[in-house]
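What follows is a group of structures, each given as structure tokens.
Both of the next two complexes hold subunit A, though its partner changes from subunit B to subunit C.
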Partner chain A sequence: MNQTVEFKPDLKYTYATGRIRVLETKLLSSSKVEKMINSRSISDVLIYLEDTAYDDTVGEMKDPGKYGEFVKIERLISFDLMERLILDPDVKHLFRIPYDFHNLKVLLKRRLSEVATSIVLSDFGTIPAEVMKTAFETDNFHLLPEFMREVIGQALAQHYLKKNLKSMEFLIDNLEYNHLLFLSKKTNIPFLVTYVKIKIDLTNISTFLRIKYFNTKDNVEEALIEGGNLQLRFFLQLISESPESLPSFFSNNPYLYLIEEGVRKIIEDGSFSIFDKESENYIMNYMKLSRYVTFGIEPIVAYFVSREQDLNIIKMILVGKLNEIPTEEIRQRIPITFN
Partner chain B sequence: MDGVGIAIAGSAMAAFLAGIGSAIGIGIVGQQAAGVLSEDPEKFGSLFILVVLPGTQGFYGFLASMLAMGKITPNLTMIDGWRILFACLPIAIAGFVSAIHQGKVCAAGANLVAKRADQAMKGVMYAVMVETYAVLGLIITIFLLAKV
Partner chain C sequence: MILDTNPNRMELLRLKKRRVLAKRGHKLLKDKQDELMKQLLELVDKVKELRKKVDRELAKATGRYLFAKAGMGIEFLESAMLIPGIRIELTIEEKSTMGVKTPIFKVQTEGSIQNYGFAHTTGELDSSLLAIERVVEELIHLAEKEKKLQLMAEEIEKTRRRVNALEYILIPNLEDTIKYITMKLSEMERSNLTRLMKVKDIVRSR
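Take a look at the complex of A and B:
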């Protein structure tokens, strides 16, 4: 992790930081995750979640197969804590808006595609899922905030122009990250601006590798998102390069390790699992920088992101155990934790 | 302003500057400790010493102020008035600045206690390092007042 960032101490968050420092101790540790992976049964996995931040919800979980419900309840707890501890509404929006865009994509697909989508709407956005649904059913888009109306207008125009759902999705992704970057810059917190830029870079690298290795007909320029640390022209010059030579182009930037590891596995068997895992690890290592902050918003954001990571890990282990996936295979896909 | 007025100003500065510093310092670490306690009330004992540490500068300022007041007589010359005021400055300024910084070090110590309560004394030791400079300020103020 070569990523550097400037921290701005903020005395508004002294109480919150103290509270978060205790809560951090209840996040999953690497040793606990290892024990969960090595568990013989699902009930053993759940035993290891006792004395963690997820203790109460796990205690009430009757059927491990309903892990989706567990994740939903825990996510509600995360957002509730965030609402109470974070004073800046733009920061809260930064983490809720991706759910708005998720809902938007689902509703647009339902409207424009002939194939019915079974993906459910999320309740974690800034706009209630019911309001979005009503807006689409009644064509009354004035129920939605102005930024969302603009996104819908641009997305529909793109679809009518290109007659291609994927192209529309790329545009929505672009608009989503542009909005997130705008919000992060508005907060004037360098940690958040860098976080969004890292997310853009990782999304771009992932999109680029997928287009390149799966040889899709997608337009690279259309698929990549502007605003990250890596410029679009950097990716365009790599289009004709061989897969093996790709890491050498990243030798001067902090993503070298994840490119090396990810590309090696992709060349080996076409699997993106290591790349995806290393991307998660990269973000988590970035979040760990918040340990050096005595008081500020950074530890709260890091706690929120780490909790999400924990939920993903628990979900992956439960799914793995339910489907009797070999332990080694599960281990290979599990990213690092905050502790 | 006569010598008495100048000396009173010096004595007041020692008390209120060091006192303000302590109030700010305790305010910082107090909030952080309250955050820790809201999740883990059993850490009260380990946190208490960290919360009170930035308060000592206020006492040093109070002590220096009392000593300065003892030097004030009705026929104090202007020169002696200025001497008392300048003698009060070391604890007034060192107390004000060190109390705020000590509050921040103690807040970092409170974070340490949040994770490792058994390491609380290490956090206290770092905070005591900051205290040294307030103590030096007080000693100089006492010696200078003795010369008036």
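Take a look at the complex of A and C:
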């Protein structure tokens, strides 16, 4: 982790930071995760979750196969806590906006495709799902905020211009990250700006490797997202390089390790599991920097991100155990935890 | 068993012709059965290999998909999978192998299975879906071969019954009947001769 970031103490968050420091101890630890991975049965996995932040929800989980419900409840708890502890609405929006964009994509896709399909909208966005649905059903887009109307306009133009849903999705992803970057800069919190930039970089590296390795016919320039630390022209210069030689081009940037490890596995058997895991690890290592903050919003954000990571870890272990996947195979996909 | 026939010369000739035909049919069916068995055994080995490969790859692809699904938000996965980007057209043609009509599946794929943006999906999802796409083609190939195997096995069973019916029922019955008619005709001839001799004797004694 070579990222450096400036922290400014914020006394508005004195109580919140104290509360989070207590809650952090209940997050999954690496030793607990190891025990869960080595468990012989699902019930053993659930027993190890008893003394954690997920104790109550796990206790009510009747069927481990329906872990989706468990994740939904835990995410509700996370957002509820965030609502109560974070005072800056832009920070809250930073984590809710992706769900608005998800709803937008689903509604646009349904509208533009000829396939009649049932859709599931997320309730975690800043705009209530019902409002978005009504806006699309009645063509009354004034029910939506201005930035969303702008996105819809651009997305439709792109769709009719390119006649391609994927191309439209690339544009929406670009606009989503631009908006996230704009929000993070608006908060004036360097930790958040860097976080969004890291997310953009990791998404771009992943996109680049996916296009390159799977040889999709996608336009790299269209699929990449602007605003990260790595410039788009850097990726465009690498387009003709062989996958084996890619790590050498990242020797001077903080993503070298994840590129080396990720590309090795991709070349070996086409699996992105290590790359995905190392990307999660990179973000988690960045979140760990919040430990140096005495009072501020950073520990709350780190706690929120860590909870999401924990939920992914629990899901992966449950999936592995439910499908009797060998322990070693589960272990190699599990990212690090905050503790 | 002797067939229900009139013991006369016409019938004897007809039965002899039938016996020749039955024996020729029996030989042909026996050859067909042997050839079908040979082809079936060759196919069984190929199907066994292919099934093992498909099972192995399907388990690998499904494992990858399950982990990709677990590692992503369920909403984002559903959004990615909302509109299928790939269209598979399956046409079925027929080919005759030793009189057995077996299907030939021809697969035509259009579009790409990766019909989603990259920002909220993972490379492992692409990898699992592409693996599943490859397995589906092999699965169709396997289905074609397994169907061929099933039809050939049914045909072998049918041929075996026919061969057995000819070998153990029809040909022995025909031979028994031919023997019976031959004996009956000889008997009639002998009886006729005796009668004629007796008549000749009576005429001579007068």
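We adopt the following convention: the second predicted complex is superposed on the first by the 334 of 339 C-alpha atoms of A that agree within 3 Å, B and C clash if a C-alpha of one lies under 4 Å from a C-alpha of the other, contacts with A are read in each partner's own complex, and residues count from 1 in each chain.
Simple rule for what comes next: a residue touches a chain if its C-beta (ideal position, glycine included) is under 8 Å from a C-beta of that chain, and two chains touch if they have at least 3 such contacts.
Here the structure is a predicted model, which is why all the values come from computation and not from measurement.
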When subunit B and subunit C are modelled together on subunit A, clash or fit: fit
First (subunit B), second (subunit C), both or neither touched by A:K315: second
Touched partner set for A:T294, first subunit B, second subunit C, both or neither: first
Subunit B versus subunit C as contact partner of A:T25, first or second or both or neither: first
First, second, both or neither for A:L232, with subunit B first and subunit C second: neither
Between subunit B and subunit C, more extensive residue contact with subunit A: C
Contacts of A:S271 with subunit B and subunit C, given as first, second, both or neither: second
Partner chain(s) touched by A:Y15 [first = subunit B, second = subunit C, both, neither]: first
Shortest CA-CA distance between subunit B and subunit C [superposed frame, angstrom]: 29
Contact residues of subunit A, present in both the subunit B and the subunit C interface: none
Subunit B-facing residues of subunit A, complex: 11, 14-25, 294-295
Residues of subunit B that touch subunit A when the two form their complex: 28, 31-40, 104, 107-108, 110-111, 114-115
Residues of subunit C defined as touching subunit A within the complex: 62-64, 66-67, 69-71, 74-76, 78-79, 82-85, 112, 114-120, 122-124, 126-127, 130-131
Of all residues in subunit A, those that touch subunit C in their complex: 68, 71, 98-99, 102, 105-106, 109-110, 113, 115, 117, 119-120, 122, 165-166, 169-170, 172-173, 176-177, 203, 206-207, 209-210, 213-214, 216-217, 223, 225, 266, 270-273, 275-276, 312, 315-316, 318-320, 323, 325, 329, 333
